[in-house]
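Following this line, the structures themselves.
Shared chain: chain A. Partners: chain B in the first complex, chain C in the second.
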Partner chain A sequence: MNLTDFQIIYDERETIYQGIEATLSLVFISGVVSVFVGLVLTPLFFSKVSWLRKAVEWLCSAMRCSPFLLFVYVIYFGLPSYGINFDKYTSGLVALIVYHSAYMAIILRSAWVDIPADILEAGTAYGFRGAAMIRRIIGPLLLMRSIPMVGNQWIQIIKDSAYLGIISVVDITAAFNSIQSIYFNPFVCFIVAGLMYWLLCLLIEFIVNGVAHYARERIA
Partner chain B sequence: MNFYDYLSFVYGALSTVGVSFVAIIVGIPLGLGLALLRWARIPVFGKCAYLYVSIVRSCPAVTLIMLIYFGLPQFGISLNPFVAALISFSITATAFNCEIWRSSLLAFDRSQYEAAQAFGMTRWVRFRHVLLPQIWRSSIPGLINEMTLLVKNSPAISVIGLLDITRAAQRIGARTYEPIPPLLLGFAIYIIIVMLLIELQKRLETRIRSAGI
Partner chain C sequence: MNAIANPKPATTDTVLRVQGISKSFGDNHVLKDISFDMQKGEVVSLLGPSGCGKSTLLRCINWLEEPDAGHIRLNSERMGYAGSGAKMNDTQLSQMRSRIGMVFQHFALWPHMTVLENVMASPVHVQKRDRKEVENEARAVLKRVGLEDKMDMLPSRLSGGQKQRVGIARALAMKPEILLFDEPTSALDPMLVGEVLEVMRDLAADGATMVIVTHEMKFARQVSSRIIFMDSGHIIENRSPEDFFDHPQTDKAKTFLHSVQYK
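This part shows the complex of A and B:
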């Protein structure tokens, strides 16, 4: 390990920018979308239609038992036999969204159960019910209460996105892997990759702390 | 799927379970050590433990395992892939277990420890009979959860050429052009492993409750 190893990484910055772009876009899109899908799935846990409730519960526990890579293989290798073809980036994105939506739904459900009953009663007393109740009262409370857990899940998304290198999406890990296979400087490459993931996670933590601070005064 | 395909699932399951098991065995005491370092507020070491946990927790399993397996030979340490996998997962498990122990240490009432000190108990007795039983009880759910996380991260070992359940499933699918059945079988094995872990958690919890600690 010496300075030229870092020099090589600097010279190959184009590849790395590509990797960073892929990781950031995957994480950002799937992070935002999975929260919304989670928000849609959560009320179904409390649905009065029993098959709907069973289906959501089954989906969420299946995702909890499956490793992310196995799920990626199902999307990338398995779905084409049913005529659904995604390219590698899209199948990675779809896998991240579906897999983590299930986790988000579980997180949001536990926050839902924790909402004090008197707030809901007050909402009912003011004439909120059904969709309006969810949108105006439960939804915002749910998001604010669960923000630390959602932040943890975002960090999990960042870590899971590294698996997509295996189906040859050029993310940060795959970019550094291709550099080290040309120049034989694996140690520095993967250390720098690890530090990039660390910075990304620190950024998420920073954002989550900011939002949690904002939320603390408003979560009753 | 022929006999050898099923056999490769057995090998895969063995290496998945083996890697996760060893990582847990190494990670529980080391994590406890790190957590105690932070709990005791030892100036430099506490900060180092914090930095270690923060970096390792955010490092993806794939990146870490490639760092260990491809990076260390640059310093003349070449490892067999299985050992590299064990080391990398133990590093991760230590960091995660440190956080789990630390959260139960934070919930632990320091005044009990001081009371034990006032009764003249030695450092070891205070740790073994006052501190450990209580934090052990409150960290069991977290530790089991961490074990399931390790099992779910174990497919990362396939990047250094080891055979795990996911890779076995994928290879069979690539050979037979029918990817779905082997993937489902692999999924079923993961479900069984996770169920067993949850059962273990229930057993441990009832045992502790009946022991009345």
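This part shows the complex of A and C:
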């Protein structure tokens, strides 16, 4: 390892910016969207309609028990045979969103079960129900009570996004991989890539801690 | 038992009419054929040993528990069933419930809302009343329970007594036709019980119609217009506080008053 290795990385910064942009946008979009999809799926776990309940249970179970890489293959290589074609970036994004929405739903469900029963009962007694109950009472409590778990899942999304190089999405990992394959400096390349992921995770932790602090005295 | 069942036809002043309510959980018959009426401005204390069904009765009144048999009528409208006799849908039920104020043993405030938001939530989002008007009323109600300086605080910052006064303010803000209190002081430090009872006394004096499940015997005697004493799912005494406390008729009531060391 010497200074020229870093010089090479600096000279290849255009590729790296491209990778950073892809990773950040994938992580940000799928991180936010999966929480919202999770919020939509979670009430279905408690639905009175049994096939809806079963459907969401099966979906979450299937996602939780399949390797992310395999799921990416299904989306990118499998769906086109049924006429569904996404470009590689969209495939990666869809895979991240669907896969992690299932995890978010599971996380939010356990937070829901954990809300003290009398708080929800007070909602019922005061006339809240359905969408208003979820929007005004259950939703905010769910989100605030599950912040640490959601933060964990965001970090998982960051790491899973690195798999997408396999379908030629140029993310941070793929960008550095292409540089090292030209200049034969794998150690420095992958260490720098690793530091970038670490920084991103620190940023997530910083945000999560801030929100958790806000939530602490609001969750009963 | 005739003296206990509804002795007179309901009048226009009858706020609550409970007729033949029964409720079981599995093999456990918690309520057996409960009937009583309440007139406007009446304060009824529900007394009895724990497990006698008084909390379940309270929860049946606002349909948090659906009774197996019997009728509940709030100002002559039947709870849980629409005019046609069909079961109420969720919207009708929630509108019906918002006419009843309930105060919970463990406060059950919404922890993510400030004191003011707790009080305004149901009038604004369920009753769909004008926000500005509701806010003015909510501030007035909070002032009435002595919390005008706590309006923007979160419940987690309040003492138990303050929380329960918010609970009462939340109920009052809906302009309920009747107030239900489920052991409102049981979870409080003895030091804090007084401030809550004082608010309730003030409400009673002001003519609110109230059903109170309580273990505060002295308070029940002072504030109630009637005592309903329950045992094993039956009402076994339904009389004035003086009659009940000074001359209990049943052995169960005598034993109960002895065990709570009344007198």
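The criterion applied here is as follows: the second predicted complex is superposed on the first by the 220 of 220 C-alpha atoms of A that agree within 3 Å, B and C clash if a C-alpha of one lies under 4 Å from a C-alpha of the other, contacts with A are read in each partner's own complex, and residues count from 1 in each chain.
Please note the rule applied: a residue touches a chain if its C-beta (ideal position, glycine included) is under 8 Å from a C-beta of that chain, and two chains touch if they have at least 3 such contacts.
As the structure is a prediction and not an experimental result, all values here were calculated from the model.
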{"item": "Contacts of A:Pro67 with chain B and chain C, given as first, second, both or neither", "value": "first"}
{"item": "Partner chain(s) touched by A:Gly123 [first = chain B, second = chain C, both, neither]", "value": "second"}
{"item": "Touching partner for A:Arg218 - first (chain B), second (chain C), both, neither", "value": "second"}
{"item": "Chain A: partner with more touched residues, chain B or chain C", "value": "B"}
{"item": "Partner chain(s) touched by A:Thr173 [first = chain B, second = chain C, both, neither]", "value": "first"}
{"item": "Which superposed partner A:Pro140 touches (first chain B, second chain C, both, neither)", "value": "second"}
{"item": "Partner chain(s) touched by A:Gly78 [first = chain B, second = chain C, both, neither]", "value": "first"}
{"item": "Touching partner for A:Phe187 - first (chain B), second (chain C), both, neither", "value": "first"}
{"item": "Overlap of chain C and chain B interfaces on chain A (superposed complexes)", "value": "none"}
{"item": "Chain A residues touching chain C - in the complex, by the definition given at the top", "value": "116, 118-119, 121-130, 132, 136-137, 140-141, 144, 217-220"}
{"item": "Chain A partner contacts - residues on chain C that touch it in the complex", "value": "62, 64, 90-91, 93-95, 97-98, 100, 102, 104-106, 108-112, 121-122, 125-127, 154, 156-157, 170, 174"}
{"item": "Chain A - residues contacting chain B, complex", "value": "1, 62, 64-70, 73-74, 77-78, 81, 155, 158-163, 165-166, 172-173, 177, 180, 185-187, 189-191, 193-195, 197-198, 200-202"}
{"item": "Contact set on chain B toward chain A in their complex", "value": "54-55, 57-64, 66-67, 70-75, 148, 151-156, 158-159, 165-166, 169-170, 173-174, 178-180, 183, 186-187, 190-191, 194"}
